[in-house]
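The structures come next, written out as structure tokens.
Next, two complexes with subunit A in common: one pairs it with subunit B, the other with subunit C.
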Partner chain A sequence: MDSETDTAPRGGAALEAENLHKTFRDFWGRARTEAVRGVSLRAGSGEVLGILGPNGSGKSTTIKMALGLLKPTSGSVRLFGLPPSDARAKARVGYLPELSHLHPFLTPRETLLYAAGLFGMPRRTAGARAADLLKRVGLDGAAADRRVGEFSKGMARRVGLARALLNDPELVVLDEPTSGLDPVGRREVKDLVKALGGEGRTVLLSSHLLSEVQDVCTRVAVLVRGRIRAEGALPGLLETPGEGVRFDVSGLAPEKVGEARAALFALGASSVEESPRTIPLEDFFLSLLRAPEDAAQ
Partner chain B sequence: MRLTASLRGVFAVARATALESLQRPVSVLLALACFELVALQPLVQLHAFGEPGRLSRDAGMASMLVFGLVFAVFCAGEGFARELRDGTAAAALAGPVSRPAFVLGKYLGVAAAVAAFAWCQAWAVALAGRTSEAFFETARFAGSIRDVGCGAASVLLPAAALAAGAAADVRHRRFGLWFFGSLAALCPVAAAALGFFDRNGSWLGAAAWNPGLDARLAVPLALVAALLLALAAWTTAFATRLQTGPVLALSALLLALGFFAEAARTAALPVRAAFALVPDVQSFWLADALRAGGTVPPGAAAGAALYAAFHVAAALCVAAALFENRDL
Partner chain C sequence: MKLRAVAAAFRLGVRAPLRSRLVLALLPLLAAAAVALPLHLHSAGGEGEEGALRMALSWPLGAAFAVLAAATLWAGSAAVAGEIERKRFVSDAVSPAGAFSLWCGRWLGLVAIDAALLASVLAAVFCIARLRAPEAARLPVRVPLERDAAYDREIAALLGGGDAELAAAALADMRSGAYMPVSPGEARAWRFKLPRRLPESVRLDFSCLSAYGMAQGVDGALAVRPPVPGSPDLARHPLSKDGDGTFRIEIPGSAFAGLREADVVFENAEDPETGAGALVSHPDSVRLTVPGGGLAGNLVRAGAVLLAALSLLAALGLACGCAFSPPVAAFVATGLALAVVASGSGAWTDGDPGHDHGAKAPPSAAEVALGRVSSGAAAALRGIVAPVRDADALGRVGDGVAVSPRAAVRAVAECGVLFPLLLGLAAACTLSRREFP
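This part shows the complex of A and B:
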């Protein structure tokens, strides 16, 4: 974008957090909540890292510390090898907060132009980029000039997403990105996250929706009560060694199913379960929405 | 390049803040109430205090000060508190904007809104001065006369601005912005148009054009605006750490102490030192200098302007320091 970003260190991890602690204190300085307790994270370039955890587990606090919005009680954070307060590092980050956090009196177009101003983008470049992104999130046309305060939560979320991508970020931080979205919006966000990962961007995605994380993340960290309980690549984490193998068979004639079952028993299987192949409910729902009216009936 | 990008960030924050400040319903209400109070007062005044226009002038400036303080403190305090409460400050500061730049942008936005408010009210005070009773003498008649035409026009100006705001709202534009913009533009236009008429409403013609406004008012009115800007800066500093309620209370306390600051100049050293941080309201209130045809001495005006600039700079430094490590 600007020359200032060009001098920032390149390569290495997009985000490195080491032994982060965060204790919130009351007015008198007494410890009130220990939100994060010794979290260490690393998000490599092009990685889609999911942070999973129930409400109050410290996901948003960790993300805010990573972005320099909260000061860690102890521990350190580096964004692209720089402190998170460094403007050169933050210029390479796009952030979607948990509740979008938009000015209600601005329109989506003005919101993006405002954000572009914060990134120091020239007005002409910003206008073109804003128009492009509004189209990408489905808010072009009349919606682009309505005030955000009149929007539903889902529409506001789309504006927030467009803002997070405005500076063409190398690290995209998404805090509960599908919150408030309908199934179509959720699928679009999931597709977007996959596309961002495919483009080589690093994505840090926080969510308490397990299926969402499973669908798009290459690696996950599970936070419980401020601590990381598990971390790693998804296939490795979900593998259950010694508990059998699952076959996903297609092209087998129905009359051969019995033979296949018998063969498995003959090979020593103690139990074999079979059920008709199904598609996920989300796919079924979306297929109904996308089908023409008469076909659906 | 880096400086340009930083300035763009400051400007973006300032623009959004000014926009928010001017379109709040409470801002429109304060501006409307103050303008009408100032414009109506000379039409119903019963005394001139021995000097035509003095009561209108003093009452107008006092109204501008009181309403302006509420306007400035509310815009600065609530504006900043809302950004923190709603998380828009966090969203902005996740980008490459430094915290001091954000504080500066917030203040500049409030300052722009306060300037718009002060501009409109200053015209109201000037027009009220013309409307006030003035000694009038002809070959057939001697006595006092009020410029009722000017008074009526002044009273109707906010109505025209409200109509402009309503028309804008119908077209999905911003009511408050159009209200303030229209009022700010209509005031000088009305003053210029009134210059073609004398106090009786008789046509003077282009050759005898005279707006009949007291130009001496410009400096004391500007100093009242400077006080509003200084107080807005301190309110911004308070708002970096406190909620709206305590911010408003603290700002009111600062103003109350400001009225005593002059008296504290002769107090013991610790008291004088404490009051050095309080903006001395009397330094900005130079309306008395206009009594009996007088003017504000240039040195006093320059001193008060510098004093305001010092307070703004000091308050913004305190604000930046308080905000630097604040959790968002």
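This part shows the complex of A and C:
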């Protein structure tokens, strides 16, 4: 990407937040809400870090402090070793806000070209990149030249996602990325997030949809009332040691199931549960959408 | 400043008023000002074709400028403030484009829209002027000859009678345009610089008031003479109290051959015992003008000055929008603009409480301090808009007098570019310190 500000040193963590506090004050300076209380985070290259938490837990506030949209009451934040206000750091970040507030009188193409200008991209490069991204988010064709004000929430979200990826960022910050999207869109976003992580980019994903985070994140931080309650790699975080083990069996003939159950009891198992193998509801739904109409019946 | 970011913000700044239909809403108002208004005014400009031309130029331009000024100020206030309030600015704030680049682009976009609308108004006004006053509109505009400021100081010294304080007060009155008395038997002189290439004729316009402040003539004479004492008059004409106090003559250019300066002398020949004094304003009572340029060129120069004023208003609105929410930004910007207008009026005095007519007690220290702050603020505001005010675009176009190219360039450079950029720097500082929750 041709950027006017791409001169920052490489290497090191993409995001380092140390003991962040944020207290919102009223007009008279009186403390009103302590939204974030001592949050420390670190996200390295190739990580997909999920920030989970209920509404009002401080997820968006933490993200906004990381991006320099809010100033921490105390604590420090560095992006690629630089303050968030540094243009060199901003040039390497892509951000999808919680709500995609776009200029309603611009088309998706114009929205992306405007954003490209802010990142210092030459017009020709920007045009090609915008076309590619619009295709990737499913907004090519006639939709690319309709005004965003006419779009549904999901379509506007796709424009926001394309904008977040426009500058080929090393750190992608997605705040509730699947909000407003249908199941097809959700799957596409999840696949995209996995692909971004696979490309070595750092993804910071904030969501209150647990399944979404479980599917794509490599690490998770759980925020409750402004503090991190748990943090770590996902498989390890969800382990329940001492509560048994799950086998995923395939290729076993149905008449041998009883023998297998008996063998497990003989080995000391106190309970064995079996159920037919199922696919996730999302996969089932998507397969129906893709199947020809008469096959579904 | 990042030029690509400025260009992107400029394109957004042009698209926003166009696609939000602001421009569409303005067009009928501007059409009413530029086209419909002159059709309804019949006697507001004076008699004859000259009066019709003055009406066809002054009123539409003034009304259209007022509409554009208000729209620019409020659109500027709403632009950034509205985007911040609707959280559209969040993505821009996270981009590497600096606050100043974003502000500059939006400002240039507003100015571009203003330029297009103002050009349309000027074109319409020109066409209507040619229709309503075809002969007068084809006449060249008048270029006022420059007065010799050093000679003004000599006159002030004479009026002061050797007292430096009185001389300084007289000079201040002369510069401010205050009416000064010329008693029976006294004379008052003005010195003008002549152009290198003399035109066919030089027009002399004179006006005075009677001692009672009425537009009435006095018995006397008006003489034009070389600056060398004792030289014969180049032209001399009697004045009569039976007139309305105004007088115009055309002097052949050949009469000034070989001269670089010329004096105009007003002599009050009224009876010292029973006659009336006259009141003259040093900048306004005497004018020597020569033909120079056409109406179209004059409208272009006036347009440049008006665009400079609109540019400053756009910058003011955008700067307020960076600091406040939309309605507050519009309120603050409008208040500041009105304060600027008021700073040039006589109602806002120098703040010396001693001017308080009827005050019996001497002013307190607090009143004196407040007066100084007030006068300082008034002077600062006057200084900011002085280039536009001095160019007097609307007044000169209506009077058929050329807008000075130098004044127009100064207005564009200072009010159109320099002061807005300073406002932009202040706005960018404010914006970069704002939070976006």
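Definition applied: the second predicted complex is superposed on the first by the 291 of 297 C-alpha atoms of A that agree within 3 Å, B and C clash if a C-alpha of one lies under 4 Å from a C-alpha of the other, contacts with A are read in each partner's own complex, and residues count from 1 in each chain.
One rule holds for everything that comes next: a residue touches a chain if its C-beta (ideal position, glycine included) is under 8 Å from a C-beta of that chain, and two chains touch if they have at least 3 such contacts.
Predicted, not measured: the structure shown is a model, and the values here were computed from it.
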Margin query: Using the superposition on subunit A, tell me whether subunit B and subunit C clash or fit.
Written below: clash
Next item on the list: Applying the touch criterion given at the start, work out whether A:L70 contacts subunit B, subunit C, both or neither, answering first, second, both or neither.
Entry: both
Notebook entry, point to check: Which of the two partners, first being subunit B and second being subunit C, lies in contact with A:D145: first, second, both, or neither?
Noted result: first
Check: For subunit C, which of the listed stretches 221-229, 275-283 or 311-319 runs into subunit B?
Finding: 311-319
Notebook entry, point to check: Once the complexes are superposed, what residues of subunit A are shared between the subunit B interface and the subunit C interface?
Noted result: 3-5, 24, 64, 67-71, 85, 87-88, 90-91, 93, 95, 97, 99, 101-103, 105-106, 113-121, 163
Next item on the list: Show which residues of subunit C lie in contact with subunit A when the two form their complex.
Entry: 2, 4-5, 7-9, 11-12, 15-16, 19-20, 86-88, 90-98, 102, 432, 435-437
Next item on the list: Show which residues of subunit A lie in contact with subunit C when the two form their complex.
Entry: 3-5, 24, 61, 64, 67-71, 85, 87-88, 90-91, 93, 95, 97, 99, 101-103, 105-106, 110, 113-122, 147, 163
Next item on the list: Spell out the part of subunit B that touches subunit A in their complex, as residue ranges.
Entry: 1-2, 4-6, 8-9, 11-13, 15-16, 19-20, 23, 86-88, 90-98, 172, 174, 325, 327-328
Margin query: Applying the document's contact rule, which stretches of subunit A touch subunit B when the two form their complex?
Written below: 2-5, 24, 64, 67-71, 85, 87-88, 90-91, 93, 95, 97, 99, 101-103, 105-106, 113-121, 145-146, 163, 167, 173
